[in-house]
Each structure stands twice: as C-alpha cells, then as structure tokens.
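Below you'll find the structures, each written out as structure tokens.
You will see two complexes here that share chain A, one where it goes with chain B and one where it goes with chain C.
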Partner chain A sequence: MTDVLDRLKNAIGSARRRLASVWRIARWEAKRSVGTIDRRTAAFGAIIIVLTAAVVGSVAVAGSAGLAIDRDIYRVGVDADNPYYPVVAESSQLAPAEPNQEALATGDLDVLINHPGEDVVTWYVAETEKGSAAHSTLVTSIDRYNERRMADEPNESAAYPVRVDLQYVSRQSDATTPGGSDDGTQSDRAAEGGSADTAEGTDTSDSSGDGTAGAASDEDRSTDDSTGGSIPSIGGQAFGGSQSGSPATIQPPFPFGSLLLAFIFLVPMNFVIQAYGGTMLNERINRRGELLLVAPLARTTIIAGKTLPYLLAAIVLTAIIAAVVGGGLLSVLAVIPIALGFLSATFVAAMIARSFKELTFVTVTIAVLVTTYAFVPAIFTNVTPIALISPLSIVVMDLQGEAVSIGEYLFSTGPFYAGSAVLFVLGSGIYREEDMFTQKPIPAKVIDALNAQLSGYASVGLWTALFVPFVFTAELLAIAILYVAPIELSIPVLLVTIALIEELAKSVHVYAGYARSRFERRLPVTVGLGIVSGVGFFLAEKFTAIAQVVGLPELAIGQAAFAPTGLTPTLAVGLLAAPLVLHTVTATITAVGARDGRLVYASALVIATIVHAAYNYGVVMLYA
Partner chain B sequence: MIAVDGLQKVYGDFAAVVGSTFSVESGEILGIVGPNGAGKTTTLKMIAGLIEPTEGTATVAGYDASDPEMRQTLGFLPEESPLYEDMTPRSYLRFFADLYDVPREAAINRAMDTLDRLELEHRDRRIGDMSKGMKRKVAIARSLVNDPDVVIYDEPASGLDPLTTNTVLKFTRELKASGKTVIFSAHNLYHVESVCDRVVIMNEGQIIARGTVHELRETYGSREYQIRADVSPSGIEAADTTIRGGSLEHLFTADTIAKADQIRETIDAANGTVLDFRTEESTLEAIFLELTGEPMAGSRQIQDTAADLEHRGAAGEAS
Partner chain C sequence: MRSDSNRRPPRLTIARRELRMLTAEKTIVLALAIQLFVAAFSSFLVVGLVSLYDPTGADGYQIEAAVTGDAADELLAAASEHERIEPTAYNDLAAAQSAFRTGQADVLFVATWETDPDATADRLRVTTSVPESNVETTIIVAETRTLLQTVERDLRDDRAASLESQPLQPLGEREGNPYYDFTYTVLVPLLVLLPAFISGSITVDSLTEEVERGTLDVLRVAPITLTQIVDGKAAAAIVIAPLQAITWLVLITLNGTPVANLGWLFVLASALAIGIVSIAVGTALLAADRRSAQLLYAVSAIALFAGTAVLADGPTNAIARLAIDSADTTIYASVAVVVAAAIVAYGGVRVIVSRVDPNEL
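== the complex of A and B ==
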C-alpha cells in the first residue's frame, strides 16, 4: 500500500515538474516571440490594423446609412405632394427632381411621375436603356417601401390578413438515430433544440399539403424529447429568429451570414501558424533546438512548451471573435480542434521543411486543405448531416442558436482531435538531433518520421490504426466534395477513392520501414506485416461506427462509404468477416510491394486499390 | 565518471563511429582529436544522449546516456552553439537555469561568477550585438549553469581570436582544478596538447591511438638529439651546415643518447666546440600525421595562434 502511495506521489511530482517545465518553456517562447518584433514594427502594424478597422467600420456604417456607388443614379421627376415622392426620396438609387416634360425629353430625367388628380398618377419613362432601368428600380423601390410600411403597421392582421408559419426541416430519413426510440419512429434532427415553440399550437403545413404535417410535428417533438433524454444537448436555444413579409420576400434558411461569420474564425489561424512554423523551423535551421534537447527535458515537454503559446493565442483570438460575432462557448470549443489541426500539421511541416520557402509552401497547402475541409461542408449546415463533418457547422449552429448534441460535437471534432494527436506524435518522432538538423527532401523526412515510430509488428498495426482518423477525414471530405455530383458518377469515384485512401493508410508506414531497412526482407516477415496492418485497420475502422451517431449512412453516398445498416444477421456476420479478409489480403499485397522498392510498391498499391474497389462495389451491389 | 563501451553509429551504409571504447576518470580532461569526419562530434553527442547509438553504451556519472536524468549532471557545448540573439546574457542564462531547476539566486550568482572568470563584460547587451568570442563565452557559461560534474566541449575555441582562445583554454584548465571531468574535442592539436591529460585520436570513425601526450610520443613519436658544432669531423656527416656570424655552424642529429654522446666525443676529439645541444620530440601533430597519413585540418592555425600569442606577449600563457 505504501509502495503504491509512493509511486502515486512520485507520478504526481513528476507530472507537476513536467507541467512546470512546459509552462517555463511556453512563457519563454511567448516572451521571445514577442521580443523578435521590434517596437516600431509592432506600432506600425497596430496603426495599420486600427486604420483598416476604421476604414472598414466607416464603410460599414456608411453602407448601413445607404451609401452606395449607384447613389442617386436615376433622376425621377416628382412633386413633393405626390404619393410616390417618399418612395423616390427613400431610395438610394433614385433622386427626386422637379417634374418637367422637357427634362425627360432632353435626358435630364429618367422617369416622370405626374399626379394631376387624387386618383390619377401618370408615369413617363425615357425611351432609353437608362430609363428602363430607372423604371425597374422604381417598381422595386415601391415594393420595398410597401413592405416596410406593412412591417411597421401596429395592426399586424390588417397588414397581413393571411398568416402562414413556415418550418424548415432536414431531409427525412429511413433510419433511426442511436439516441432515438427503437420503435422505428423517424427522427428529425432539425426539430432538436427547440423547434417545439413553432410547432405547438400552430397549424403547420408542409409543401405536400397532405395535412399530416401537424401530426408529424407532434411526432417530431416526442422524438426530440427521447433524443434529449439519451444524448444531452449543449448550448441550445430556440432555433433561429423569425421573418415576416410577403411570400416573395421570405428567404430559405441558408446560413450564409452565419457561415461567413464562422469563416472569420479561420482567418487568424493563418497568422498563428505562420508564427508557429517560423519559430519551430528557426530552431532547426539555427540549431538552437539542440540546447533544449540536451537539457533534462523530455521531447514532449519541449514540444508542448513551444506549442502552448500559439494554441493559447488561437484560443484567445477565437474567444474574442466569438464575443464579437455573437458566438458562445460552443463556438470556441468547436474551433479549438481546428486550431489544433492547424498547429499539428504546421508542426510536422516545420519538422520536414528545409527552408522557410518550403515551410511557406507546405503551410499554405495545409491552410487551404484545412480551410476547405472546414468551410465546404459547413455550407450545407441545416441541409444535410454531411455538414457536421466540419466543426464550423457547429459554429454555424451555435450562431443560429441551434442545439448541438455531444454526439454531434464529437463527430465533428473527433477526427480533428485524433488527427492532431497523431500528427504531433509523428512530428515528435523526428524532434531529435539526428533528424532536426539534417537536410533531406520532404518525402525522405516523411519516411523518417514514419520509420521513427516503428519497432516491430505491433507498432505497424498500431500506426495503421492511428491513421484511421485521417482515413475517416479524407473519406468524409471526398463525400462532401462528391455530394453534389450525380450519383452515377459519385459512387464509383468514391469507391475507388476510398479504396486508395485505405490502402495507402495500411501500407505507407510499411514502405517507410522497408525504405529505412527497419524490417527483414524475408517473405514471412513481409506477410506478417501485411496481416498485422490489415487487422489493425479492421479493428480501428470500427471507429467509423461513430458516423452512425449523426445518421450519415442514411444517405446513399454515406452507405457507400461506411458500413451499411439494416442487414440480416447472417449477412452482417459475413460482412464483418469479409472486410477483415479484404484488409489483410490487400495490406499483404502492398507490403510485398513495399519490400521491393518504390516502383513495385506503387504497382502493388494500384493492384490493392483495384481489389479493394471491386470489393466495395460488390458490397454496395449486394446491399442495393 | 564516463564510460564508453563499444559505441557504434551507423547511417545506412556509412559507419560514423565504429566500436569506440574508452573511459574518463573523475577530474580528468580527455581530448579527442581527429580530422573532419573522424567521428568526434558523433561520439560526443552519443555520450550526451543527443544521438542514439546503433550499438554499445555510454554512461555518465552512473547514468545511461539515454536517461534524461543524466543531463542534469552534464554541461554540453556543441561546436555550433547559436544563441537567442534578442536576449541578454543574463536573461538567457536565467532561462536555462530554470530548465535545470536551479534556484534563481544561485543561478544568477553562478552565471555571473562564470562570466567574471571568462572576463565577459556588457552582460546586459543584446547577445545579437556581441562579438563571436563574447557569444562563445556566454555559451560556455550556459554549459555550466547547472554546475555539472561532467562537461563536454566540442571545439570550444574554434574560430576565436588568440586572446579569447587563451581565456577559454585557461578556463578549461580551471574546470579541471575545480574537480570537473572534461571531454574536449578539437581540430587544433595545440589546444589539446596544452589542456588535456589524455588524448584519443580518431580517424574514419575508429580510435587509432590513445594515451597521455607523453605516452603517445613514446609509443608513436620519435626523439631527436640535435648537436650544433663549429667543426665537422670526418666520420660523421652533418645534417645541415649554415653560416652564422660569419662562421660555419654544423648540425648533427642522433636518435639515441648514446649516438649523441659519440658525436659529441668526436667533436671534442677534433678540437671543436659544441655550440648547442637540444632534444626535439615529435609534436602531437607529427604523431597524428604518422598515424593517419594526412595533415590535421587547422594545423596551420596552430602556428598562427602561437605566433599571435607571442606577438601579443601571451606566449607564456599559451606554451
């Protein structure tokens, strides 16, 4: 007992010392990084930022006040007592002028509105293209003017005699969500988080007009309750705001504004990773990192200490942006894994780049990829579950006041967290004297990084498993990109893409091991490595079961990518064993190729991909 | 204090270090010399735990080189030790002292004491504004910030001016006097000869000779007795004849003292006068040349350095 307590005390003491060291390095790194910018440059930068903000702010304020480049572009002849005078006066594009027939003829007026009697209004439009445009603008301005007046009307029923409440819902699905009831009740994710207010006591109708919408709303609400019971929600408020007006002026709930606001979170990341990548590469190029390596510190302590200031900077910036754009804690929590993703990828880039030029190239590539991954799916927020593969969708939902379940949060952010951890581990493998200060081409460094993690059979299986988050991420991105393509095209392309991604994940480290003479070249060893890699992938692939949490397999394209549902037990067992066989066979093919050099490996990868894609096609056909 | 056993480092098909085995006693200064690519730096970095050996072991103060705890007892000065140029020596040394868990006050006192001994002024100046010699002194002070039992210096005086070199060499001897164990690597054999108790000579990754400088001379070098006389008796052949002060001066050489005595007796018999008698021993450089068949990089610098020191009146310190 005493022994256990002593060990526990030692472990706690060691952890405290390590944390203290991390904090010391972090403080030093932060102080040093700030110190590298001289005061004049910092002041100059601050002035530029303030001026930019002032200009943008002025433009925004002026814009809200009606400033436009087409201000007063059309001249309309109208008397002050004419009922159309306010329309013209309030329009930014129209300028009221003295009504004069001659002026219309000479082109000084584009439209002339006479008001000879109480109920008589006569319009004259100049017979020019500008006259036609002015007329069109006038008509639009009249509509807007009327809309504003009706919106200002205290007696709402007088302004809008007929009232219709619209409720936007997600695409209906056939499958039940894991958190829902198991009686086949359909789930409606969009109803989660408080659409009950809208449904309750309202005659709701959908576009089909079959009169079942009211019942559907009740069902939705009960499903929502049951879901809420099993998967607690975080950060939820009532869904969206409300808008009223004529049917022509009501916009569907495309979250463009929220999406743009969410995008703002990504912008500062680029500055943070440039600074981070620069400092890490500097340590290598100037060999300064050697002195830290010879200090009594673990590599992980050094890396954590040097990364922490940049992670904290990203978090602080995110929190500030969230406060400005109206996001909450949920937005910050959703952006943190993206920040980690940026930092971890930049860390690896800084460990493999040979120069600042190479680093810039790699970090820009990373920024584009991560931004694409985060931004593109978020466009489909509120449209399809695919959007949830991006943490930005969580931000969009937060900005809209929509509830997010823990399952959804984990689904969105899990790959980022896991991927970041794997990248940091990979990078830390080459954070050592022998790799940091040598100049090798990037592919060779990547092979070194992979090779550094290998020690035997078990490590091969482990690293195959650790690549699964990347596989998952790449496959989700492929789904998001192919989502808009016709299904006849998207499914075959997706099947081949997925096969290639998975075969690469199962074999690239085996190739690295052979390239660095880590493994024996005897056939039994090679086959053993293939089998271990295949089994590792099979076990870790079950990670994709999380996809079920948000109902991605409900989509045809999702079914093609992930394990299908609704199978008979016999078929299910068969489909459980079949992937195991597939993965071990194809991993063995690529392992044999990896053993015999780059060209043979590439050929083996093609063969394995074809075999894998054929298998995928068979499964899809079988399920279809 | 340091034990190196069968240390080997192989990069692909290239063996950087092959089976190095040696030890260093407490309070001793061991010099490692060898040409570029001999494996000196790789050996030192394996001892410091920076490079993982392919085979063999290295222990420092009882710790395996791979044990992070070992680094608490070690002060390492790499050949290139770039500093953080935006910091001052004071803040730089304080940061490293923090990393070694040295109490702040003790760290400052120790650092200032070291800088005093190294004769470094301007301690609050930005490191980036310092000369190369001043930066090297800061780097040396950094290597001692944790008061290590063992210090490993890789080319500590490389590229420094003669005065700074002299300061660094003197300081290294002081380290030994204070009980520290030192491994000292250099191209410059003069530096090694003037500082080290024992020497290991490496070439192409292997240790090809070891011992004290005296032992190396005894084993691998030669001794020559030179006799200068004003006559050249028949029966013995002069190695050289020069005119000095209007008179002829003959140089006779012998490889044993018996032969030298015989030459002297012959000169006496010919009524000649022995003008000078001296013993010339092989330099470490000559031994190195003998062993490796190639001149040391920096051997030219040896003479330059000695000449500069003499010129500046510091020859006594350097010899």
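== the complex of A and C ==
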C-alpha cells in the first residue's frame, strides 16, 4: 500500500519537476524572443502601423466607402442627361462612359443605356458573361438607387407599400411544428392589431412560447437588429431567426459577415508561426540548440517549453479577437485546435527545412493549406454538415448565436487535436543531434522521423491507428473538393482517392522501417507487420462512428466514404469481418512491397489501391 | 573555363546561384505545386459557390409557393411575371400551412392588408416562411425577394401620385452571375500580390541568413561590392514573382475564367515585386536580426496591401480592372506610376546599401 503511495508521490514529484522545467524554458524563450525586438525595430513598426492607419482612415473618412478593389469594374455607356446616369455614377462598381453602339460590340462597353425620347429608354447588354454580370449589377444598383430616393419620401405608405416578415421554419420537426403555430399567431396578430406594428419591427418574439429556446433567442436578436435600422447587421442574422423590413432589405442566407469575422481569427496565426518556425530553426543553425540538447532535460520538455509561449500568444490573440468581434468562449475553444495545427505543422517544417528561405516557403504553404482547409468548408456552414470538418464552422455558428453540441465540437476539432499531437510526436523524433544539425534530404528525414517511432509489431499497429485522423481529414478534404463535381464523376474518383490515402497510411511507416533496416526481411515477419497494420487501421477506423453521430453519412457522397467501414446497421455480423480482411490483405501486399526499395513499394501501393478501390466499389454497389 | 566565369557579371552570377539554390531545394517546387493546387482549388470552389448560392445557376428550377390572405391577389399578379415561382392560392390559412409543412410548397406567403392610421393608404404585410437550413433556402429567399420587389414596384406605381420622385423602372431581370466579379476582385489580385510578398520574404531570409551564418564574410573577400551582392539576390527574387503570378493567371484562364491584359499584368506584377523587394532589402539591412527584419517586413507588406486596397485606381483595383478587361487610361497611368515608384524605391534602397558598412552587419 505504502509502496503504491510512494510511487504515486514520486510520479507527482517528477511531473511537477517537469512542468517547472517546461515553464522555465517557456519563460526563457519568451524573454529571448521579446528581447530580439530592439527599440529601433519597435519604433519602425509603430511608425508603419500609424502611417497605415492614417492612410486607411483618411481614405475611409474621405467617403469612398472602404475597399476600392471592385471599383469601376463594369463600364456602362450612358449620357449625362439620361435618367439612369446618377444610378451608374453613384454605383462604385459601374463606371459611366460615352454611349456608343460600336464600343458595345468590341467589348469596350458592357451595357449601353440609350435615351432616344422623353420617356423612352432602351438598353443593350454585351453578349458575354461579363455583360450579363454587369447588367445584374446595374439592376441591383437601380434597386439601391430607388431605395435611397424612397427613403427621402414623406409619404411612407406610398414609398414602402410592402412590409415583409421573413422567418425560417424547421419542417423536419415533429407533428407539433412550432413553426406552423408561430405563423398562425403572427398572421392573426397582423390581421387584427396590425396598427400597433409600426415600422419599428415589433415581432413574434413574445408570442413564440412554443418554439425552442434557441429559436426564441434568435428572434430576439433579429428584432433588436431591425429596430436599429432597416438593413440587417452582418453579424447576427445571416441564418436562422427572422428578418423584417421592405423587400429590398431581405438578405438571402449567406454567412458572409460571420465568415469574414471568422477569417480574422486566422490572420494572427501567420505571425505566430513565422516567429515560432524562426526560433525552432534557429536552434539548428550553427549547432545553437546543442546546449539545450545536452542539458539534463527530456526532449519533450524542451519542445513543450519552446512551444508554450507561442501557443499562449495565439490563445491571447484569439481571445482578444473574440472579445472584439463578439465571439464567445466557444470561438476561442474552436480556434485553439487550429492554432495547434498551425504550430505542429510549423514544428515539423522547421525540423526538416534546410534554410530560412525554405522554411518561409513551407510556412506560407502551411498557412495557405490550413487556412484553405479551415476557411473553405466554413463557407458552407448550415448548407451541409460537411462544413463541420472545419473548426471555423463552429466559430461561424458561435458568431451567429447558434447552439453547438458537444458531438459537433468533437467532430470538427477532434482531427485537429489528434493530428497536431501526432505531428508533434513525429517532429520530436528528429529533435536529436543527427537530424537537427545535418543537411539530409527531406524524404530521408521524414523516414527518420517515422522510423524513430517504431519499435515492434505493436508500434506499427499503433502508428497506423494514429494516422487515422490524417486519413479522416484527407478524405473529408477530398469529399469537400469533389462535393461540387457531378456525382457520376465524384464517386469513382473518391473511391480511388480514399483507397490510396488509406493504403498509404497503412504502409508508409512499414516502408520507413524497412528503409532503415529496423525489421527482419523474413516473410513471416513482413506478413505479421501487414496484419498488425491492417488490424490497427480497422480498429481505429471505428472512430468514424463519430461521423455518424453527427449525421454526415446522410449525404450520398458521405456514404461512399464511410460505408466501407461497415457500420451500416443493416450489415450482417458475418460481413463485419469483410473490411478487416480487406485491410489486412492490402496492408500485407504493401508490406511485402516495402521490403524492396522505393519502386517495388510504389507498385505494391498501386496494386493494393486497386484491390481496395474494387472492394469499395463493390460495397457501394451493394447498397446503391 | 575560369576566365569565362570571371568575365560574367558578378550580379548575374549571384542571381543565378540564388535561383539555382531555390530550385535545388525541391521542397520549394513542392511548395509552389501545392500553392498552384490551392489556387486551382479556390477558383474551382468559386464555381461551386456560385452553383450553390446563385439562384440563376439553377436553370429550370421551379419554386412552389403557397399564397393565402386577403391580399393574395397582389402576389398572384406579380408572380405571373416570374417564371421561377409557381403560386397556388389557398383560401384557408391552415390548408396553406399544411401544404408548406408537408413540402408541397417551398415557401408560404401570408399577405394581409394592414391599416396604418398615420398613412394615407393601407400597407401590404407579407409574412413569409421558408424552410430552415437547406441548400435551396438561399435560392428560395433570393427569388422571394425578387417577387416581393415586383409587388412593391406595382404598388408604388399605383400610388405614384403620392410620391415626389418616381422610382426608376428596372432594366430587365437579373440574369448574370452575381459572383462573377469575385474571381477578378479578390482571387486575381491575391494571386498577383502573393508571389511578390513571398519574394520579399525570401529576400529578407536570404540576406539575413548570410549575415547570421557569417557567410557574407566569404562573399566579401570576393572582388565584388555589397551593392552587387544585393542586386544579384534581389534580381533572383524579383524574377520569380511575375512568373508565378502569370502561371497562376494562365491556369485560371484554362480553368474557364478568362484573364485579360496578361502583358500589362506582367508589367504590374514585376513593378510590385521590385517595390516589395526594395522594402525587404531595406528592412533586412536596417533591422537588427532576422526575426525583427521578418516582423518589420511583414508589417510593412500588410500595410502596403491595406493601403493599396483602399486606394481608388491603386494597384489592387488596377489588377482587377486589367484582368476583367475594364481598364481605361487612368489604369494605364496608374501602372506607370507604380513602375516609376518601384524604380525610385529600388534606387533609394541602393543608396542605403552603398552607405552600409558591410563590416558592421
């Protein structure tokens, strides 16, 4: 008993010592990196920021409403005495030009508005995609122009004869359908006591007693918004709730405002990883990191200590942004895994890059890739559940005031957490003298990194399992890319892509092990490795059950990705073994190929992919 | 052989060495490939975005509308002008609601007249219900807006006598792609500016790395000046930026989005690269070490980007208008100004370089 207690005490003591070391290194790192920014740099930076703020501010104050990027992109031929001239002149996207029929034909004009008689207006549109886009912009500008003029009219009921209440109603819900009864109350109210409702936008929020709490709060928000002005604010009401106002104020649901705000969270990450990648690579230049390496500290302690200040900086910046744009704790919680993803990828990049130049390139690439991965799916928040593969979708939902379930949070952030952890572990494998201070080719370092994690059969299975988040992420990215393609094209391409991703994940470390002669070349050993890898994959893949909790496989294309996991309820128990057999067979094929160099391994990978894709095709056909 | 290489201008030698080093590190090629993929991917997604969010993208798509209430006739009259909305009148509110709930109708309009004691005429109040969270919701709402705007216009026409100024008639219906300009105003400027920023970053790295590793000393014993070294390094960085930009633009063109004025864009991209690389050289030589140089450079680059984005006829706007083929003389003049500014900037930086004492770096 006391033995156990002693051991526990020892463990706590060593953990505490370790944390203290981490903290010491973190403090040292923070002091050093702040110290390198001397006064002159800080002064220059401050001057530049002040100058920028002055330029941007003065331009904004001068009136040309902010961004000028889409100014005058369409040219409209219109005379100065044409009644439509002010429409074109006042629109920032349209530029007035000399009306000229020939210019329209040559493409120098996109739209031509003629004014041959007193009340006669004729218009021509260039027969190009640009021409019709310009025409659409013109029609929108006419609407806006009319709205502006109507706002000055004294007779309100003539200027705004129509008032719209737009509400989003859930139809899938049960028989009680709160939406339906909402309609009833509202139209009753409108019919009997509409006189009480002025343009101030009194709404249904008080009568929606039978709605859910979430819906009610949404309506409260939108009511507040429409009281402030007839134009809906960008933050709150892109989706859900209701809108009120004249027809022109209705905004189709497009979470653009929240999306832009969510994007702001990603911007500071680029600075943080720049600094972080710099300090990590710095350790490798002129053997500077040797002192830390020979110190009586664990590698993980050093890495944790050096990473902590940057993670904290990212969290603090995120919290500040959240406070400014109106996000809550949930936004911060959703951005933390993205920050970890940025940092872990940069860590690995700094471990394998050979120069600052290379690191800059790789850092930019990481930034672009992670940003794309986080941002693009978030565009489709509320359009399709696939959007949840990005934690940024959680931020968008948070900014819109929507409820996020624990399952949704885990689904979108889980792969990021797991993936970051794996990358940190892989990178720390080559945080050692022979890799840090030598100029090895990158593939060799990647193989070193993988090989460093292997020890026996169990480790192969474990690492296959650890790759599953990456497989998951890569597959979801593939789905996101192919989502817009026609289904006849996307399904077959997806089947092959998914097979290739999975086969690569099951075999790349086996190949690394053989390349560094870690494993015996005897066939039984090879087959054993293949089986272990296949089983590891099979077990880990069961985590895609999380995906089913969220309801992703409701999409046809989601089915193609996850049906092979064999979680479909209709599947008989006997058939449950099929995926297990498949994974072990293909993993064995690649393991055998991995013994004999790159070329044989590549061929084996192709064969395994074909087998796997054929199997996937069979499963899809079975359920189609 | 030796005499041959001696005769080659030293600047060119350094520039070639820089370029060779960039291509020798295959990761850079890989990084470029990934960036290309992202560029292709994002323009592809723009297309996807349009097909999802653009009502006109769904050809032949019909929206079934349930219309009820004492003012239903106004909506039915307006709907007859719209091809995409197929209205059905219901006398009974409950029947209309159940049609909406069961999915027979995509949208429910409850139109009632509403008396406003302050106003001279009644107001039309339309309570519109649309299904929540659905890909089609966007299309339904966009079409609903168009329909209700027609209703509004008809009523305004009826009440024209009470209006001081008459609203302008719309010139036809929106048929074009509302996101057509997105590629030109956001994506193309990004693809032109990003390589220039990367080039500047490479220049900072290349110069500060030589200083930090102490390899500049080796270069200095060679019979060349610091200005020549900087010239060579800057030239290499400047050359690759417009090449990347034009590659991306050609790729976008192949992807189905024509980009016009490639020649002018090449000139503009080169000038921007020269200007940004000048800033990079300046920060690399003035700042204390690599990290502060990179920080200063990043802040300056972002400042420059923000500054030009708000400037009318500025570089960002010029890129968009050249690419979309709406450039006029002011844009050509703007390109000329950027070229002149870039040359002045580089000249200024060279003056700074010539005054820097290499031994103090």
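Quick note on the criterion: the second predicted complex is superposed on the first by the 417 of 624 C-alpha atoms of A that agree within 3 Å, B and C clash if a C-alpha of one lies under 4 Å from a C-alpha of the other, contacts with A are read in each partner's own complex, and residues count from 1 in each chain.
Definition applied: a residue touches a chain if its C-beta (ideal position, glycine included) is under 8 Å from a C-beta of that chain, and two chains touch if they have at least 3 such contacts.
Since the structure is predicted, the reported quantities are computational estimates derived from the model, not experimental observations.
Once chain A of one complex is fitted onto chain A of the other, the partner contacts of A:N286 extend to both chain B and chain C. Once chain A of one complex is fitted onto chain A of the other, the partner contacts of A:P524 are absent, as it touches neither chain B nor chain C. Touched residues of chain A, counted separately for chain B and chain C, are more numerous for C.
Touch criterion met: A:T365 reaches chain C, while chain B stays clear of it. Contact with chain C, but none with chain B, is seen for A:N146 once the two complexes are overlaid on the shared chain.
When both complexes are overlaid on chain A, the residue A:Y84 reaches chain C alone and has no touch with chain B.
With both structures placed on the common chain, the touch criterion links A:A275 to chain C but leaves chain B unconnected.
Legend: residue contacts after superposition of the two complexes on their common chain; A:A298 is shown touching chain B, with no touch to chain C. In the superposition on the C-alpha atoms of chain A, the part of chain A touched by chain B in one complex and by chain C in the other spans residues 36, 286. Residues 12, 45, 48-52, 68-72, 74, 76, 78, 80-84, 86-87, 95-96, 98-101, 142 of chain B are the ones that touch chain A when the two sit in their complex.
The touching residues of chain A, when paired with chain B in their complex, are 17, 21, 24-25, 28, 32, 35-36, 286-288, 290-298, 432-434, 517.
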